[in-house]
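Every chain is named by a letter (A, B, C and D) in the order it is written, and numbering of its residues begins at 1.
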C-alpha cells in the first residue's frame, strides 16, 4: 500500500522500517534530516512536509510526541489535511489525550479524511521486532481495513471502540503500569529496610498474585541500578498528565495516579526525567535514605 | 513424619489434608470441634490443646489468623512450648507481623525449639491443590530439613532470609497486590467514564506491560460483579496493617499502601469486609458515582 | 486617575465600583452588556474592546477568569496592547498561572507597557467592602506608584517579588486553604463517626493550634449544610490546576494538593462544582456513607 | 481538694505545680524519683505507686504517654483501682485512643470509680501558664463537679460528650494540625522553588483565609530552622496512629491523615522524631532537594 509516515523518532523509525520490509511504499517526513536520510537509505521516499507526505497516499500514519505535535502536523500549515485526498485514512499512532484525538478527527472529517487513534505499547524493543501491542479507536470498518498494515508493526491490534478509545485504553495501560512500578518499589524498599534481600523477594513472589510484567521487567533493572530507557519518566509524566486531564474531563477521580505523578515529578526535579520509569524507585530511596541494592 | 497441626481454618484444613495424603502422621487442634472432626475423619489424631498437639512430635505447624493468635497458641497457657520437646521444629505458616515472628522465635529458642516463619500465598484453591507459594524465614539448615514437608502443601518454598523474612516477603507481596488491584480499578473506571468498555481494555492491555496476575484474576471478577472470596478485604486490611506497622518500625514510609488502606477501610465501613479484595473497585464506583459494568 | 477596567464579573463589578467611589475615572469593558450598563449607571464610560478600554489611560486593570482569557484580552486582536501607549501600567488582578503572568508581561514589555500581577483573596464580600488582600509581583517602583489605587479595592497590598510572585503567592494561599478544608472535613467526620458532635469539636478546638480562618468560616457552613458560594469548587479546581502546573514546572512536588484535587474532582463529577469549596466535606460524606450533621 | 497526681513528665510537672499553687493537696507518683522530688520540694506528698497516690483522695489525675501506660497505672498491679475508694473520680488527662478510654472507664465503673477523659492542647508553655485547652468526655455532672479543678490548669475546659469524647476531640484537633503543617510546608516550598521568598508569602496570606494558628506559630520556626519542640514528631505520630486506629474502628477513612503519617515516618526514619512537628517541612525539602530558607 502507498503510505505516508510522519514522525521518525525512537519509535517511528523501526515502525516505518517494518512497513518497508513488508513491501509497503513509504513517503516519510521528520524535522531531523538525518532520520529522513536513514529511512531513505532503507527505501523510503523523502517528503519535506506532512502535506507532501500525505499527498497521493491512501494511508497516512503519524507517530509524534504529544497532542500539540499531532494537531500541528495534521491541521497546521503544510499539514496532512492540505495534502490528503478525501477518502484517505489517517492513523495516529502517537500517545495523546483522547479528547485531542476526537478534536483532530472532527477536523479530518470536514475534509473527508477518516481517522483512527491507534497508540502502541511495548517500547523500542517491540517496535524493532514488530511486536507492539496496538489499541485502536475509530470506525470499526476502517480499523478492519487497515488492520493488516498495523500487524506489520505489532503482534496484536485490538479495536477498543469509537475515536479516542485507543488513547483511552493506552492511558488506562499507563495508569496501571505507573502505579505498579511504584508498588513494586514500595514493597522492595520495605523488604530492604526490614533486612530482607529484594532479590529473594522477587524470586519468592513472582509466581503468585504479585506477579506482573512490571515486576519481571523492572525489578532486575532496579536491583542492577540500570536505568537506561526503555520508557522515559518524562514520557510517563506526559501520559499521566493526559490521564489526569481526561479523568477530570469525564468525572473519573484518579487518586493513585495523582500520587504517583508527584513521585515522578520528584525524579524529574532531580534531573532524572530521561531515566527509565523504573527509576521511580529513586523516590523511595530518597524518602527512606537508602538505596534498594 | 510426626506432625502437630494447629489451626484448621479455610486454609489450614486443606493444608493438613495434603500432609495426611502424603503419608504424614498428624495430630490436629482447633477451637471448632467440627473442623477437628473433619480432619479426624481423614485420619488425623485429635488434640485438645496446642500443648497436646505439640507433645511427641518432631514438627509443629501453626496456621492462625494473626500475631496474637500465634502468640497465644505458642507461648500461652496450654501452648506449644509447654508440650514441645527441645529440638522440635515449629513452622508458623500464618501471615503475621515479622516483628511478632521474631519475638515468638526468641521465646521458642529459650525452650530449645527452632522456629521458621513460612507464610503462604495463593488462597484456598491453591491450598486445596497443594500448589501454594511458601516464603520462609529462619535458619537455612532448618528450612532445608523441613522443605520436603512444605512441598506437600506448596508448589514452591523459597528461603528468604533470617526469622521474620518469610513474613516480610509476604507483606511485600500483599503491598504489591493491593496497590495493583487499586490501579486496575482506577484504570478501568477511567475507561468506563470515558466511554470505553473495560472488557476491551482488559483484552487490549493484558499482553503488555500492564499485564499481571491481578489483572488476569481480578478484572473478570470486577466485570461480572462476582465478589465471592478468594481473599477477603478484612484479611488484606490485616496484612496492610502489619505492613504499615513494620514499615514504621524499620523506617520505610509506605505512601501507596497507606492510601489503599484507607480505600479498603471505606469498603469495610460499607459492610463489605467479607467480599473479595477485588471489591476494592467499589471505592472507585463510590467516588465516580457509577458502576464499572 | 484615568483607569481602564476589563472584566466585570462577580469580583470585577464591586472592585470597579470602589474605584469610581474613590474618584477615579473608569473606562470599562466586558462581554456582558448588562454588566457594562451597570457600571455605566455608576458613572463609568463604556468601551467595546480591551483596546478601547486601554486607549488614553495611564493604568489598565484586568480581572478575568484564567490565563487564556488574560492572554486574549491583553495580547489578542482588539486587545490592550493595541490600545495602550508606552508607559501605561497594566495590573492584572486575575488569579492565573505565574508562568502565564511572566509570558504576558514579556509581551507587554515589547510595547513599553509595565505589568504587575496582583491577584486578590477574600471573595465577593471583601470585594464589596474594599477589604481584599492583594498580593503583587513586578517592579517594586511600579507597585509603589499604583499602591494607592490598589488600596481603594483592598485592605492590604503586599509586594511579593518579581513578576509572577503575586500569583505564586495566591497559589500558595489556595494550596493551604484547600488542604485545610479537607483536613477540617476529615477531622469532623472522624468525630461524627465516633459519636461526638462536630459542633462541640469546633468549640473545643477553635482557640488552639487547630484554629484557623478556614475552621471559623467553613465549619458552620458544613454543619448548616449551607454551600452557597463564597468561593466555588470550580474556581478552586482552576487554582489547584495552576498550582500543580507551576509545581511541576519549578520542581516542587505537591502530594497533598494532588490528593485534594482528586477529592474536588469527585465533587465536580457529582455536579457540585458550583457549590462553595466547603462542600468538599461531601467527599468524606460519600466515602463514610453518612452526612456530618 | 485532696488530689492524687500520677505522671510527672514535661506536661505533668507544671500541671501539678499549678494545682499546688491553687491550694490543692497533692500526692504525686512517677517512675523518675527526681521528678517526684521536684514536686515534693514544691509541697506535694510523694507516693511510691499509683495505688498509694490514689488512696484517700477524692480525685485522681493521670498524665501519661499513651494507652498502655494509662491501663497499667489504673488497672495494673499496684494501680489506681487498688487504692481508690468507691466514689473517687479519675480524670485521665493523657492523650490516648478513645477506645482505650472507654475500656479503662468500664474497669473503673466496676470499682465504683467515675472516669473522665480530659486530654489537653497547648504544649509545655501553656501547661506552665495554666492556659491549656482541656476537652473532656464522661458524665456531664462529674465534669461540672471537677471543672474548677481543671481550670487551675487550663484556660478553657469544654465538655464534648460521653467517655472517650475528649480524646476523640483531641484526635480531631491533631488531624487538623498535622495536615495544616503539611499544607503550609507544601505551599512554602512551592513559593521557594518558584523564586518567591516564603517570608513574603507568610506576610501576604496570614490575614486571609489561609491564616491559622499553625501558620502563625510554625512558619517562623521553619524559616528560622528552629525545630526545638514544642510538640515532638514522635508524639504527633502517636496521635495520628490513634486517629487512624479510631477511624478504622468507627468507619471513618482518613486519607490525608494517612498521607501525612507517612511523611512524619520519613522524618522519624531520619532520626528527627525528637524535633518539633514543624520539622515536617523537611519532608518537602527532601523531595524537592532544597531547603525552604
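In this text, contacts are C-beta pairs under 8 Å (C-beta built on N, C-alpha and C of every residue); 3 or more make two chains touch, one makes a residue touch a chain.
Keep in mind that what you see is a predicted model, and the values were worked out from it rather than measured.
The greatest centre-to-centre distance from chain A, using averaged C-alpha positions, is reached by D. The distance from the centre of chain A to the centre of chain D, each centre being the mean of the chain's C-alpha atoms, comes to 52 Å.
Taking each chain's centre as the mean of its C-alpha atoms, chain A lies 38 Å from chain C. In chain A, the residues touching two or more other chains are 247, 251-255, 259, 266, 269, 287-289. Taken as a graph of touching chains, this assembly is fully connected, with contact between every pair of chains. Residue ranges of chain C in contact with chain B, taken from their complex: 255, 266, 269-270, 283, 286-289.
Looking at the complex, you find that chain B touches chain D at residues 237, 247-248, 251-255, 258-259, 261-263, 265-266, 268-269.
On the chain B side of its complex with chain A, the touching residues are 98, 121-122, 133, 135, 137, 155-156, 158-162, 164-165, 168-169, 171-180, 182-184, 186-197, 200-201, 203-205, 207-215, 217, 243, 246-247, 250-257, 259-260, 284, 287-289.
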